[in-house]
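Chain lettering (A, B, C and D) follows the sequence in which the chains are written, and residue indices restart at 1 in each chain.
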Amino acid sequence: MATAAGFYRRGWVLGTSGNLSAVVERDPLRLAMTPSGVDKGALPAGHILMIDEEARVVSKHDARPSDESPLHIRVVRERGAGAVLHTHSIWSTLLSDLHADRGGLAIEGYEMLKGLAGVKTHEHREWLPILENSQDMPALAESMAEMLRQHQDAHGFLLRRHGLYTWGSDLAQAKRHVEILEFLLEAVGRSGSIAGKPNL
Amino acid sequence: MATAAGFYRRGWVLGTSGNLSAVVERDPLRLAMTPSGVDKGALPAGHILMIDEEARVVSKHDARPSDESPLHIRVVRERGAGAVLHTHSIWSTLLSDLHADRGGLAIEGYEMLKGLAGVKTHEHREWLPILENSQDMPALAESMAEMLRQHQDAHGFLLRRHGLYTWGSDLAQAKRHVEILEFLLEAVGRSGSIAGKPNL
Amino acid sequence: MATAAGFYRRGWVLGTSGNLSAVVERDPLRLAMTPSGVDKGALPAGHILMIDEEARVVSKHDARPSDESPLHIRVVRERGAGAVLHTHSIWSTLLSDLHADRGGLAIEGYEMLKGLAGVKTHEHREWLPILENSQDMPALAESMAEMLRQHQDAHGFLLRRHGLYTWGSDLAQAKRHVEILEFLLEAVGRSGSIAGKPNL
Amino acid sequence: MATAAGFYRRGWVLGTSGNLSAVVERDPLRLAMTPSGVDKGALPAGHILMIDEEARVVSKHDARPSDESPLHIRVVRERGAGAVLHTHSIWSTLLSDLHADRGGLAIEGYEMLKGLAGVKTHEHREWLPILENSQDMPALAESMAEMLRQHQDAHGFLLRRHGLYTWGSDLAQAKRHVEILEFLLEAVGRSGSIAGKPNL
């Protein structure tokens, strides 16, 4: 997948981190999904799994879907998303920790915000909620769904010391949201060191 | 366009940000221009629009020209430029905010300045004016034109929390100006954190 | 080797720094190893040496194995590793110095840690031991072996102002460990400047 | 030239900055040299000039040699170098300014130093002299030659707010010296911000 390889080149899905999914069919739900534990820099298209709404593999693969598949499925349901992307960048990792106590991070006043779906002006305040990280996926999926309902306008969220989730109506829009949010997280993160103090 | 793809690789036109234009004919004005809302990392040459002096599309495309086309057209008129390039880098975004209260940013004493058209020595002081960002394009084009007349020697300017505009007699010179100004903005930005305080 | 070229592109094996080895046979030990003093950005596959357990070249090459071959051989023996990778990145260089007085560096709480072999949760504390650098290879190999026995759970270690060593059951796992540890070192390093103080 | 394109990708010769030369013949001196004012990211091999010991073009080109050709010629004479490389990176630009008052910059204790010709241990202290920048090339060439005689062991030097010069017995060694010195300059530069104060 060109998207995965591009994120790998930027250092957003190093190791076997990150995962990508795209809706192929809605009823019944069929999600094309990156398998667990693979190197996104060398991912042949044939390795993409097809999973159902319970995160069971329905294609002929013996690979396992990512542990985080339930999060992708819930984002698809809650937001009607056509694609869900998850990256582990340096800046999302750092800012998700620095701002965790406030429960989220506000990004406002940047022209780049206009690239988020439905945003028409830089005079926009994007609230990026931050969830505590957890290995209990059913519980995490529940608290994530609750958070998405509370923050209907959010275009993404952070898992603490873990990374960014964002989505879009299709893969192209989701990829655009990754690039925009990663850019803004880097800008916010560096603006702290440029001004000699963290940007809180 | 190789120029757009190169800027994308450097992270200067992520998402759908940034736009590029080049004069094809001067009378009547015909400007080749990147369309609105496209990914500059994957822009086929056939998607470049042709617009006139009122920013109307005159080629057979159903795409929309960038909202910022009026700025490109005014730069062409005010400066006689052959190409206008606009990037959204991290450093132009951060410095345009940090220096906004002073109305601009002075860059001086760097050898790299010699790459700007007409500059013969590093003992040059480049004043990069900063304009408040706005979504009111006719008003912004007016204040930009006024600013260009006041700063006849400027090789570019910044829009606050938005990015860099620069231009050149042709696309090659404009691309050189982007690389030089982006380099200098990064140098100025990092010189603040290297010295433990912002470089104001 | 694609792995070497990839590390070169990320700036982890610039100059002639860094070296890579992979076990070809265990009994007697045969290790495929990068030669001394070569540019990893332009390393033809045919230049890889085969060495034995005494670091003698057993393939038909007149190149010399890396001076650090004894370290690779000892890691293979102590850990049963199938591949050993050594990088000289900016962040491993800086943090190996900053944390040298404490004898190591703790990295904990990051989701990325789950990419290390056997780690199942982000609630893991990875202790990355730091050894003083030395040109006396037999002595360094001894102190390294002693350190590996004391820190049975370590997935890698740092040489002070020198770089990172890590390994894996095969080359793919070792490469994954490099990417994960380099990511985490960069995160730890930048978290100091983002918070306005070193992260000690 | 692959070397120029590689430096361009790393951002060390942006705009039209930087230049490269290699000795083709010693008596009479014939130096292959990048022309003035070209984009190193798109430099066809056929554009390389041949110049003599007075920096006159002796090949059939109407391009001009770089203004800094006299510096290259003097380095070749003073050091017996086979290739001379000059880059304008962010870190060489910043450190050449920060350390200018001391007349140079000491780099010591890094394993990476071993990649410099003749250096056998990390317990080496490399003194990188810094010269004031000037557009008076004959005068600059004289003060540079004087400096090279005073610092017989130096593998390179900095021009203030301008960049790095280094050389080698051939192009491969000179390229290695660029990568090593650029790495070390970045390490020294970042070690200041990581420790919360400039590294003076």
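Keep this in mind: a contact is a pair of C-beta atoms (placed from the backbone, for glycine too) under 8 Å apart; a residue touches a chain by one contact, two chains touch by 3 or more.
A quick note: this is a predicted structure, and the numbers were derived from the prediction, not measured.
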- How short can a path of touching chains from chain A to chain D be, counted in steps? 2
- Message: Quick check on chain A against chain B: do more than half of the interface residue numbers occur in both copies, making it same, or fewer, making it different?
- Response: different
- Note on the structure: Chain-centre distance (mean CA atoms) for chain B and chain C, in whole Å, is 43
- Note on the structure: chain A and chain C have mean C-alpha positions lying a whole-number Å distance apart equal to 31
- When you check chain C against every other chain, which residues touch at least two of them? 193, 196
- Can you name every pair of chains that touch? A-B, A-C, B-D, C-D
- Message: For a test of understanding, state which residues of chain C touch chain D in their complex under the given definition.
- Response: 11, 14-17, 39, 41, 88, 90, 93-95, 97-98, 133, 135, 159, 161-163, 189, 192-193, 196-198
- Within the complex, which stretch of chain D touches chain C? 6, 10, 109-112, 115, 120-123, 172, 175-176, 179-180, 182-183, 186-187, 190-191, 193-196
